[in-house]
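In structure tokens below, several structures.
The following pair of complexes shares a single chain, chain A, combined with chain B in the former and chain C in the latter.
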Partner chain A sequence: MKKRLLALMLAASMVFGLTACGSSSTGSASSEASESATSEDGASTNSTVVIAMGSGFDTLDPGQVYEKYPQMVINACYETLFKFYSNDGAAEPMLADTYSFNEDNTVLTITLKDGVTFASGNPLTSKDVAFSLNRTKNLQGNPAFITDTIASIETPDDKTVVINLTEPDGAILSKLAYSACSILDSEVVTANGGTDAEDAATSDSAQAYLDSASAGSGMFVMTSYIPDSEIVLEKNPSYWGEATNVDKYVIKIQDDANTQMMTLSSGDIDIACNMTEDTMSELEGKDGITLLNNSTKTVSFLMMNMDESIGGPVSDPKVQQAIRLAVDYAGIQTICGEGTTTPYSIIQEGFFGSLGERSTDYTDVEAAKALLAEAGYADGFDIDLTVCDLAMEGIPLTDLAQKVASDLAEIGINVNIVSEAWAAGYGDDYRDGKLGFTVMYWGIDYNDPNVQLEFLAGGVVGLRAGWTAESDPEIASLYAKATNAIEDADREAVLKEIQEATYEYGPFVMLAQAPCPMAYNSRLTGVAFSDPYTVDLTQVNVQ
Partner chain B sequence: MDRLRFIGKRLIYLVVMLLGVATLVFILTKLVPGDPVTANLSQRALSDETVVAAYKAKYGLDKPMLVQYFLYMKSLLTFDLGTSIRTNNAVLDELARCYPATIELALVAIIFAAVFGIFFGVISAVKRNSIIDQIVRAISVTGVSLPSFWFALIMLFFFYFKLQIFPGPGRLGTSFSAPATVTGMYVLDSLLEGNPTKALDALSHLILPALVLAAFTMGLITRTTRSNLLDVMSTDYIRTAKAKGLSNTGLILSHALGNALIPVLTVIGLGLGNLLGGMVLVETIFNWPGVGQFAYQSVMANDYPSIIGVALLIALNYMVINTVVDILYGIIDPRVRVS
Partner chain C sequence: MVRAVKKLFKSNYLFTLGVIVCVFWIVMAILAPVVSPYDPIEQNAELRLEAPSLAHLFGTDNFGRDIFSRVIYGGRYSLLAGLLTVFIAGIIGTFYGAIAGYVGGKVDNIMMRLSEMILSFPSLILAMIINAVMGSNLFNTMFALVIVAWPTYARLMRSVVLSVKENEYVEAAEVLGASKIRILTKEIIPNSIQSVLIMATTDIGNQILMFSTLSFLGLGSAPPTPEWGMMVSDGVEYFNKFWVAGFPGLAIFTMAVGANFIGDGLRDLLDPKLRKQF
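Right, the complex of A and B next:
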């Protein structure tokens, strides 16, 4: 009897113990919900902001980073010569005080602002600028391409930087606003194994340090980074500029939209960066939560190889146009969710010079059938559509492939969807231009319309579609014409020419400009979607 | 002397097995279609031959496969697991970072699984064919068959989001900073730091993911305990003890349970080994930076030094656990000790 009683007591204490642990946490969760954060000494503070964002990155070294989410962190801890203060605006001077181009636009001279210091206390000088840009170039990592048009950098004095370009580059200011062009504290980075020497790809060992601490002049300093889990940023106590009232950011890496929705509703986080249409509808009308439906500059597209031996029937321009007319753009927008648009052509909305959206009325099945007959395919044809396991802003490419297949069935094209893993063959075939017909997406790297020039004949993406400069010299010439245009009026004119030229011609059908639904706690102000940074943390304040 | 010979043999077996695992995983990672360069470089960088060449040279991917293999094995013999192609950090450092999080979660999960599993198994055996037995069996079957990612979301939805009994994802509340790393296990490190409030917070964050992970092993333990206890209860010595007038509870606790627990120990050992290998879906949903997530990311990036590192870790886990289970057999059952 005694033993039975003992067993019962043990079981009861176990259940009690569990509940007690849970209850204690409930207390902390609810206090977090009301105050968002409580400092470790128990004092309440509203100035800590918790953010949930997606994963998919492995480093926070500005010289290596190219993925989407680290840009938010880099922008908070480092500063660049130029910056995008609004999502649709142009790059404006940040660390640069004044700048000018020489007559043939091949030399950019920048005078740095006075009084800028790094978090270490070291003054920011032209030597740091040269070190940072040369390091990115010589590391030969993912973002090294951003410095491709930089031939050399001169530093005549501490405040002057002279950037010699290989050719006029209309996007150079936008490129200098990219995370890979962040200005690093050369003294700190060098002391931790960094180098800007030509052999930096093998001799630089500063990544480990830059994954544990930041070395910039930004409003915040990184104090902790636990990969796949959490990043902590604290206010730079010696920030040279005017800071917001946020003292600390805790950035949680949470891929799952449902988890983000629950943690935002419970008050454990303040900003959820990866919402979906479903989770947004769960939050609709909820007190204290603001929803943001944004359109990003990430685009999905159909690619039809221009090389007949690879693309088969889809290499025929008439078939390409028939497919362009057959796609149900309104249906694609429904699949991708609220905020989705279809780009007019290869330069999507939001970029300087963009011609905006393609009307959903563009779809014309009868005209598509007629064109197909004209191309000699009156009875249609069978074709494989290859698709990989990637997703565009949470929208699986396979969903888009299914939709395209059903749309093309309307005009007699029998599509067989072939699924492949990105890292297990698809990526290589895509890069090498071996895919005949595929659905893919393109996320912009630097925030400038020139990034889209890669879709022209001879460009990086164009070549993947077998569209060589030799096969289409007229279109290919627009690439150089656009990069060399510096004045706004000249740029606008050539960008318009490019969009008109590719509106109904070429191997690409732009399907959708992805939405990026986000939600945040209404106690914050200044939260806005930004293509370059997702959220510019240096503009967020707590009410 | 025999004991020393036995230990020596075991150690040689361990080294051979680990080298075998490393070789096998190396071959498999090379046989599987996929290229670490494609998996790790951006779309634009892939088009730049200089960047691709520099990347290959940095990680030795430009060398013939046989040379890559011998270089890797050579470094392995000096306890160097190489550098992760994905993160550019030493694989040993990466494992040291994420393994404690997995150990902490796995230990709590296996304690839940063992305590509840044995408890339910005993009740089920004692109340054989009763309604309680039916309920317990249904629970154990459910535990075994529930998909863990779905169960994790459901648990999070009810106990965190709706009822607010347990805290949400993560290892600590946002009001706490990570404790100074001594063991890497937050509960222990917080206590070592002299911060019981933080330790309690870390413990509370363990409960939901541990319960989710415990469900599967608990179901197995319940079923194994029940069937073995029923077998033992039908043996002659139990009938004799019963005839002597011992109470049912006394009979089970003093005479039957010990013998019935031997196969249960094997299940617990296997369950722990399984948990220590990391649970990628549960770790993802609960934002738990453990071995499972690391392994998943490494596989997706074709990061073969990391994949081999995880495989070696899992193999070592099972070796250690099997040895501990062998020792525990002897403690529970004197016959094993004598033999």
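Right, the complex of A and C next:
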């Protein structure tokens, strides 16, 4: 008995020791942070802004960046021909002064703005544009696909860029706004091992340089990048345009919501990019902190295979529509948290040409039951719903699956949830179109509604649902129609047609656009959620 | 025997506590449909993340499900997993170890090296791999636990058998011409089983914990099954809503500790020699 008591005390003392270690280390970390903040403040009072954002990337070379968070940094240090100034609209000219297409929309001619210089002092010319786009294409990195429709680039003079396209591409302006199409200072990059030659994938060695400094014309220059830890941006002293009053950004790569919440309330950071519903509720009503609840364009959806041998009952369009009617969209939005929306159909709210939200009143259990009976399943049926271990912006897909299962039980469909690890088979089955009924999510590659065309028959995602172009030529034809539309009015018309066509038809039920809860110190103005950049740092000012 | 157990209850309060806790959970698990006030998988979006109250003793989770009912139902899976795993692993390990120990020589060498191969893997990782490859459901999780658990029993059994087989009654049986199988099942196993039994009782708690760990990592039964480990993992998302993860966590804690107390007590009862050694 005595020995047991001794053991217990030993265990207790170990626990205390551990907690003591834990608290002392966090304590020292926070005091360090506040110290560095004050020392920085000493140099330039309060115009240093500290941001905490997510991780998951290991380079800041615009030709290689494909992840979500580096976009914020690239957007601050580099500039693009076109840019998304607001979160719901089309790309607008930035470095481009004017632009025009030829008659069959295969040649895009851009005139560059006058007086644009890089941070190095070199003037930005058409030569730099050609260099940057060719480099991205030839590096063959993750974002190289963005230049797939660019056949060649001509530079008749310093101010004119002629981009020859392989085919008409309605999304080309949005693509040119993507980080991979940032305009690099060709002189500086070449001097540091960069090249735009066709063998750039092997011969280009500028990534090391671009991970330590920036070579753009942006409002800020990167002075330090410690992977998975910290990025420092300082004001570009020779910025060609009008700059904000922020002198310095310290970006902490630290995505724990609770840490962000605590450091934001203590004033150690100014913008917290990775909040959760739970941590947001802690900050509600707190003085000096503003909360932002926006929906992203990352969308979760139910996929029902059109191939009867794989999908079984859910391959029947009537059953698909019954399921679409049975889902409790309001409930799903509650579970995903404030800011969640359900798109009208396959094009997310916030995209150019979007028809907005699907009304939460759309749910109609009685109509769903009637449709199910019409399809010959008056007593419902049993079905497996496969779900993997991934999460959509922090919302586990299994949560969505449980909600859907409970909704479908209302109309007599008995859903059995089958969990499969993404790495252990689910991923391959999903891509190969072998899943009959599943919940998945989709993050956009670049900010243009044309990325959603993949959800049409014959598109990449459509094929995963066994929806071939042959089986539905009418829907499939909308794909080409949309990519060929160039003028805004034409694009809007065809996008509307697509959304109406998939509103009550097709193998996909769009469930919810994930929210992106963020919070910031109220001393800042101009902080807004932006899909392409998370926060557009060139619009933030200190009051 | 009865007197000894009575004495154990009186002298070892931890054992008594363990029995109370375990009996409580077993009764709750069996009577779950009667005891639980709500359907454990019924969702109610209006009652999301409610704090514990009289209507919902343990509060509600992010689907508005009653956590109290879920914890009660969850006992079924954890108890089943703990008991069944130990039972099956014990049987496999006992026979495997007994054969290796009794036959000896090359057979012993090969058999024990095989079991050590499994032992040399970190058990949690091995269980995770098995589970990930086979797909995660309740049966596969238990299968993985058994695979990881049986070699320990085999080693223990073998070491006991090595000393038991030197006994004169074994020699006598051999002289009388009894078959090896008969000697193994009638002489050796009954005389060596005690230490395996002792280990099994202490192991139940560990297996419950291991099962919860696996389902915490998303490798248990599929949602919406109310399983303790999975409930804790769901609750981690809600840092400031302690009841979502707290109550199922408490259930795992009490169950595991209770089973360990019983194991300890039984060891004292069955094998006073072992007790002195510690």
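Of note:
Throughout what follows, the second predicted complex is superposed on the first by the 498 of 543 C-alpha atoms of A that agree within 3 Å, B and C clash if a C-alpha of one lies under 4 Å from a C-alpha of the other, contacts with A are read in each partner's own complex, and residues count from 1 in each chain.
Please note the rule applied: contacts are C-beta pairs under 8 Å (C-beta built on N, C-alpha and C of every residue); 3 or more make two chains touch, one makes a residue touch a chain.
The shown structure was predicted, so the numbers you read here are calculated from the model rather than taken from an experiment.
By the touch criterion defined above, A:V232 lies against chain B but remains apart from chain C after alignment on the C-alpha atoms of chain A. By the touch criterion stated above, A:A421 is placed in contact with chain B and with chain C alike. In the superposed model, A:L463 lies in contact with chain B only, and not with chain C. When the two complexes are superposed, the chain touching more residues of chain A, out of chain B and chain C, is B.
Look at A:K318: by the touch rule set out above, it reaches neither chain B nor chain C. Using the contact criterion defined above for the overlaid structures, shared-chain residue A:K113 touches neither chain B nor chain C, since it reaches no partner. Applying the stated contact rule after C-alpha superposition, one finds that A:A208 touches chain B and leaves chain C untouched. By the touch criterion stated above, A:K159 is placed in contact with neither chain B nor chain C. When both complexes are overlaid on chain A, the residue A:N258 reaches chain B and chain C alike.
Comparing the two interfaces of chain A, the one with chain B and the one with chain C have residues 3-4, 258, 421, 423-425 in common. Within the complex, the chain A residues that touch chain B are 3-4, 7, 11, 14, 18-19, 21-26, 28-32, 36-40, 48, 50, 58-59, 64, 66, 140-145, 201-202, 207-208, 211, 224, 226-230, 232, 250, 252-256, 258-259, 262-263, 265-266, 268, 421-425, 427-428, 431, 442, 445, 454, 460, 463. The residues of chain C lying in touch with chain A in their complex are 14, 41-43, 45, 48, 62-63, 132-133, 135-137, 218, 222-224, 237-241, 278. Those residues of chain A lying in contact with chain C across their complex are 3-4, 257-258, 276, 278-279, 281-282, 328, 330-331, 334-335, 389, 394, 396, 398-399, 401-403, 405-406, 416-421, 423-425.
Across the complex, chain A is touched by residues 32-35, 38-39, 41-48, 50-51, 54-55, 57-58, 86-89, 97-98, 115, 119, 153, 156-157, 159-161, 164-171, 173-178, 198, 200-201, 203-205, 207, 249-250, 253, 284-285, 287-289, 293-294, 297, 300-302 of chain B.
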